[in-house]
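What follows is subunit A paired twice: with subunit B in the first complex and subunit C in the second.
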Partner chain A sequence: MADALKKPQIIVLETKSLNYTPYDVKWIPCSARFVVLGQYARGTGAVAVYELEQGRAVLVKEIEKPHAIKCGTFGASTLEERHLATGDFEGNLNVYDLERPDVPVFSTKAHDLIINCIDGCGGVGIQTGPPEIATGSRDGTVKVWDVRQKDKPVAVISPAEGEQRRDAWTVAFGNSFNNEERVLSAGYENGDLKMFDLKTMSLLWETNTRNGICCAEFDRKDIQMNKMVVTSVESSFQVFDLRTRHPTYGFTALSTKNKDNTTIWTVKHLPQNRDIFVTSSGSGSLNFEGKLKQNTSKNQTKNLCSKYPGNRVKQDPKDKLNVGVVGTVELLNNATLAEQPISAFDWSPDKLGLCVFSAFDQQIRVAIVTKLA
Partner chain B sequence: MGGKTNSSIDAALLVRANAEETRRQMQELLAWEKDIKSSTPSPSGTPDASIPVRGTKTAPTTTAAVPRPENPVVLLPYRDKSPEQLEVTLKQALILKEKGNAYFQRKVYVKAELEYSRAISLLDEYISQSSFQSSAVSTHLSTVLGNRAMTLIKLEKYPDAIADSSRILAHFDSKNIKALWRRAHASILLLESSISSNINLNDKDLLVEAKRDLEFALVLDPKNLLVKDDLVKVNAIIASKATTESTANAVTSKIPKNGLASGDPVSQKKSNSQLKKPSQRRRIDILEVGDAAAFFDKSASSKNLTEIIIAETPKAKSPVISKPEISNTIFKPEPAADNRVIIENNAAIKVKDKNEKAVHVNSSSTEKTTSKSFTSTMLKIVQSDSFASTETTTPVISPLNAKEKTMSRRIPLIVDLDAEKQVSKTKIEPESTGMTDLAVPSHSEIVKSKTQSSDVVTAALKLTPAPDTMFEFELEWKMRKSDDNNLYALIKLILPEKYRSLFKNSLEAHYVSKILQIFVLFYIPNESPQLLFDTLVALSEVERFAMNVLFFSSKDRAAVTQIFSFLRAKVGRDGSVFGVEDLYTVELREMAQGPINLAELPLQQLQAVKNQMEE
Partner chain C sequence: MPIIISHQDFTQTNDRIFVSVPLHGVRANKADIYANDSYLKINFPPFFYEADLLHLVDTKNSEANVGDGCVKFSLKKSRRLDAVKRELERIEQEKKEKAIKKREEHYKLIQEQLNVEQAEKAQVESLRLQEKLQAEVQLASIIPHLKCFSEQEGIQTWKNQLKNKKTLEDSGIDSTIFVSSKNTADVVNDEDEDYIDMKAIEEKVQKELDKMKIASKPNPRQSGTINFQFTSRGLLPTATARETEDAKWVHRINQAWEKDAKARVDNLYDSLKDDEKNQYVAIFLKDKGNAFFKTGNIQAAINAYTAALMLDKNLTVCFMNRAVCHLKVEDYLACIYDCSAALEILTTEHAYLQERDALTALERQHELNSSKVKLFVRRAAASTKMGNYVDAARDYKIAVELDPKSVDLKEDLQNLEKMILENKFCEM
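On to the complex of A and B.
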């Protein structure tokens, strides 16, 4: 009991009901604002900007777009511009300046079907490499765009001839520690996880996790690839150690299964501490996993931290090659905050512990998580 | 037992600790909020702009990329504002405007210009970010622009002054006399200074435009000394530059031969109408043609058309020229006959072709009436008797001869108002009886005006024909209810002598109330006292007006007091003012005590009440 009160607390600051379905929420970097992307009942897109005032979220601007918007990212634009790249249900990739949201700064018909996921790299927070946006769509392709090059994607990753198309459900950039290196991983609905090296334009590694992959995220985009968390459908997620790659076994993974047997929709690493991440589940709960500075006892209920093992590499006995050791993951805290699945979550990059998340009950919640330092 | 209490105490302590933690978190959050909103975030080290697009060799040279500056740019805090912040912006803007005014009066022009510029930028921001268009704010903006223009003239920054005045005339009010004069004045001073310093400007254009502005201003306000002086100056300059004479002459050359009381204002009007192409107001000068009978034969819908001409002209003394645009001509079609209705109006052209529905250029207007209903709302055109007394300040000169009665013809202005078709200048030339050119607005401009802001809408709305029945009046009123400016225009449309006939079933209290407010807000500053007086007289003659007076709210009475004190100040010891004032007031004390003691009412009121009761 005492232990329960020592763990990180989740304080919900504000619950806001919306008249549209939110699909994604993102903090606007370097500000106390966040943007909600979604769909009105009439099928048009909603972009709403809220600002935190005295702990309450105040609507600053609400814009209607012709098509429903599924996902967005600020990752590919600089701090000065803070343009929001959005993917919508028609397959259009639009980059908006939120101060002049009527006309997009960059617009292209990226895919023929809905853009399921989007990620940006090379802008805010990651200063290395060209600014790129990756989009993954139901048509099975993943495309990489550069806003400076119109109409022609930098890279297209599509299934081979004859192979069945699989929906791409998630994309994530990583390993962007210098101007040339970058890795893009894509997760598909059948459990395929493919990692592409954008420097050599080739497939780096692939695996199959048996359950459709809902969300994948590197712990940091701008360091040499270290760890990646992949969440999937049947309440399981896997943590891959990416430092060591075995030619046969690939990357080592630690697989964890939640008890509630629902889809784990998102995973988000805390920007300020890459060892803490949160997963959101279909039962409306958030699980915080990670590592705290002080020693915590093993029996913590449900806040997870990853713990590095003493030795990250060990030798495979058979062929004497290095195999990565992934360590352990601890649950730090867990809280059920909604009755519907929490489909989108975002940490504020400026304030430790401040987060916003949206659920299918058409509500967005702003919360602070304490004791994460 | 001890163990239990211990653990419960511990738990309680922890709960409290957590509560404190929560509070601390909240405080931290609020502090952070304040911090991040006020601070400009340190710009990140901008990525090297020379990183090529992946897969290409060289860095992209397209301008699609926002150029990454070499020096870190100070990042402005997110500029968008919530409605409350916008209100603050508006208040600030108004304060700055007042500051500018104060500086101007103390002749500190440099600072005045600074304050005005700040106010303008705030107002621009407000207008661009507010979700609705407020005419009051637009008025403020145009006023500040005008003030700034004046300040710039004092500072001898003539091109900027011209720019500001042009902006006012283009976007807000193309009849703003002050702006017209300022623009012309600045042009003249610019020319003079350029002559003295031998700079070769585009002086011909400047001169011609200055002259146009001044002439137009003169038409709007014939008594304006500044305008007159400048006009003399301009003419002098022009005389010394002979080449511009011919153009000016060409403009005024076509003077109609008959039917005009005076050629000059008309020609001015005409030139104005031609001049006004750049602005949004379109003026169609139609001058009286000739023989009605001749026309009858020509027009397709001949026989039963009774055509009435209305020229809603102000009383001779009114300086406001906006009246003339209300002139309409309407053919009142028989239902069976060809529904050719031709109205001429300044930007409202209702044309009905046989089978087409009436297309109203006032795009914003809700009068998407079918032809049938349109005829029902047809405006009757008043007898031309009133024209005999009108000044020739009307651009549309109806037949001034008494002979040309209601059958006098107008030139059918057939304008096809489907989306982007060309406006045809039809049939004017053949009428050789001295018709001047019709300055038909090019359609694209009409369409443009459609797409502009509510200011233009306001302008367009002003140009509708005056209501002639209570029904029309109410329709117009409903359309304009939100905007005082529009209501003002509407009320102005109604001739004082028409009040009694228009409101023959008595005027409802809220109308009277609003009309009084309009008087206070607009008539007092803008109109001549005479017009106000006449209107008041006319209003008081409306049926059952005494009843209205009896039921005045305190607000109405305050408005009445204001109006009359203004009038008295203007008119002096004119007894008639007092007489009319009496009609508008009621000694409440007597009323409050039981049933009205008729013996104690002032005589006029008594009479009025008696009359009304007997009806």
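On to the complex of A and C.
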């Protein structure tokens, strides 16, 4: 029992019931506020800003938009502006200033169908490279936008003519360690994971995990690409080691399966420690995986943390080229916090362990995870 | 003063006492006998006898016999019985007590277990609460810090930090630009006076510095398009798999339908079988005929109607529709024949109906009239086409009678009559 208390504990600080369906939650950088994006029952979009006061979440502002909003990010705006880029069900990409949310700062019809996923790079916390927003949609295309260039996307990544369209379910930026380099990885519903190099505008690497990819994330956007976690349907997720690329085998991956056999909806790396990440599953539980300083290796509750191997590179015996070695992933703790799938999760970039997540039971929960240092 | 008898005969067995008291001339109604469980008394004036028994007797099962010069007591010993009873009772009592004790012990044990578990839980709860309080305290201490961060001062400090970083990095570049502007300024220097040159230099430097500040973010990337292909594998999840499965299913269903259709077609011309089946088939054929007519396949429609009529001679609709078909293929005689047949059936049916159910007949009158009008008009049309204007005119007259409201019919009739007159005029 005492052993269990040494592991990271998750403590739910506040549960808030909503009268709309939340699809995404994001902390507003450098503040104690977070924004919830969703859909009212009448089909219009909901943007609500909450503030944490003495352990309780207080509604600051609630705005209704003409179309339901699926996803949002602060990643492409600077710290002074903190504009929220949102993608909605009609395929519109709108960037809002939350102080004056009536008229968007930037608006464009990005896609014909719903924008499933959005990611921003070059803004808060990532000083290198132009500020860009990537949107992935049901029509199978992924487009990269720059707020300063209206109506014309910086990059359009689409299947070739005559290909059957597959939904793009997730996009993630990475490898943005200087002003030119940037990599965008996109996960599709048929299990395809493709990595595009935006500097050379080409397909860098692709692979197929057998199940549709729900969420992919690099461990850090602003370093040379190190590790990526990809989660998919049927409770499996893979950790790719991106430091070493073999010409035939590509990047090595470690595949893990959760016991509860439900979709793993999101994965989020802890902003303060890139070796700890959390996955949220369709059974309403969160699994913390990562590397701790002390060794807690008993298996009473599952603990996941990624451990680097002694040697990250080994030689392939056949062709004497370097192949990456992934290491291990160890489960740190898991907790079931909702009855419905937890579809969105966000770590606070300011306070270690503070997080907010939303589930399909129309509730958002603010929680804090202890002992992650 | 009673005479106390102190002599008795006393014998005992294992469970009885026999006391015999001699009393001369004793009789039951004269003697008072009293006995309780340890005392006997006989009062027979002037005699008196009493005895204390050493042990208890059971008076219920005892008796006293009076007569024959003596009173005989036969007393049941109760000591043993009582003792046995007492013993039994004692044993039972002990048992009960034991049981009660056991239950109590058990209960106590359970209570203790519960207490222990509760204590454990309470301990864990308290630890957890402590953690929560700690976390909240930490949070509370951070939040004001965060809040002030969001205000201008915070942002300013952050900005300054940024700037300092930048200036450290870019100081190299800064200095070079400064140097270059200085060089150009030197060239200007030669031409103009000193202090204007200083200003020019300062302005140029300021411009360069401003440029540095504005260009803190790199320009938008060069646009590009990337095309790729999705992997195609046999075991793709969801969408594709479902499509192929659906296609297979639809194919199976179609095959089954066709087989069934063949079976139905084979049974079609077997008119010796059930009448009901024939009816259904006839209706099916009529529908087929309608469908053919709609698509424009007139000959097929005629065949279908003929087939239907072979099965059911009284299908008015088939006659009517076939008449129209004949009109279209310009088979006017057949059209007239069909119209006539249809009219006959209609009238006979209506007559039947009137006999049986006058009310419905009345209701159906309107329908009947409209059908009749149609038929007459068709027959008239066929007749006109054949050149038989007189018959046509006759049919039109009947039609007008049936439907007096229609203006078109009247017009047509007038036209016809005109034509007849003209013809007659021509013939003449």
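Annotations
Methods note: the second predicted complex is superposed on the first by the 369 of 373 C-alpha atoms of A that agree within 3 Å, B and C clash if a C-alpha of one lies under 4 Å from a C-alpha of the other, contacts with A are read in each partner's own complex, and residues count from 1 in each chain.
By definition in this document, contacts are C-beta pairs under 8 Å (C-beta built on N, C-alpha and C of every residue); 3 or more make two chains touch, one makes a residue touch a chain.
What you see is a predicted model; the values in this text were computed from it and never measured.
Bringing the complexes onto one copy of subunit A puts subunit B in a clash with subunit C.
In the superposition on chain A, contact is made by A:131 with both subunit B and subunit C. Legend: residue contacts after superposition of the two complexes on their common chain; A:188 is shown touching subunit C, with no touch to subunit B. In the superposition on chain A, contact of A:260 is made with neither subunit B nor subunit C. Residue contacts after overlaying the shared chain place A:156 against subunit C, while subunit B stays out of touching range. Legend: residue contacts after superposition of the two complexes on their common chain; A:211 is shown touching subunit C, with no touch to subunit B.
Legend: residue contacts after superposition of the two complexes on their common chain; A:98 is shown touching subunit B, with no touch to subunit C. Of the two partner chains placed around the shared chain by superposition, subunit C is the only one that A:233 touches, whereas subunit B remains out of contact. Contacts of A:203 after superposition: subunit C is touched, whereas subunit B is not reached.
Legend: residue contacts after superposition of the two complexes on their common chain; A:164 is shown touching subunit C, with no touch to subunit B. Subunit B is struck by only one stretch of subunit C after the chain A overlay, and of the options 146-154, 254-262 or 416-424 that stretch is 146-154. Residues 1, 5, 9, 11, 13, 30-32, 52-55, 79-80, 122, 129-132, 144, 146, 148-149, 154-155, 179, 198, 201, 350-351, 353-354, 368, 370 of subunit A lie at the contact with subunit B in one complex and at the contact with subunit C in the other. Within the complex formed with subunit A, the residues of subunit C that make contact are 120, 124, 127-128, 131-132, 134-136, 138-140, 142-143, 146-147, 149-150, 154-155, 158-159, 217-231, 233, 235-240. Within the complex, the subunit A residues that touch subunit C are 1, 5, 9, 11, 13, 30-32, 52-55, 79-80, 122, 129-132, 144, 146, 148-149, 152-160, 163-164, 166, 179, 188-192, 194, 196, 198, 201-203, 206, 208, 210-212, 233, 350-351, 353-354, 368, 370. Contact residues of subunit A toward subunit B in the complex are 1-2, 5-6, 9, 11, 13, 28-33, 49, 51-55, 58-61, 78-82, 98-99, 106, 122-125, 127-132, 144, 146-150, 154-155, 179, 182, 198, 201, 350-351, 353-354, 368, 370-371.
Across the complex, subunit B meets subunit A through its residues 7, 10-11, 14-15, 17-18, 21-22, 25-26, 29-30, 32-33, 36-37, 41, 43-48, 51-56, 60, 62, 64-66, 68, 73, 75, 77-82.
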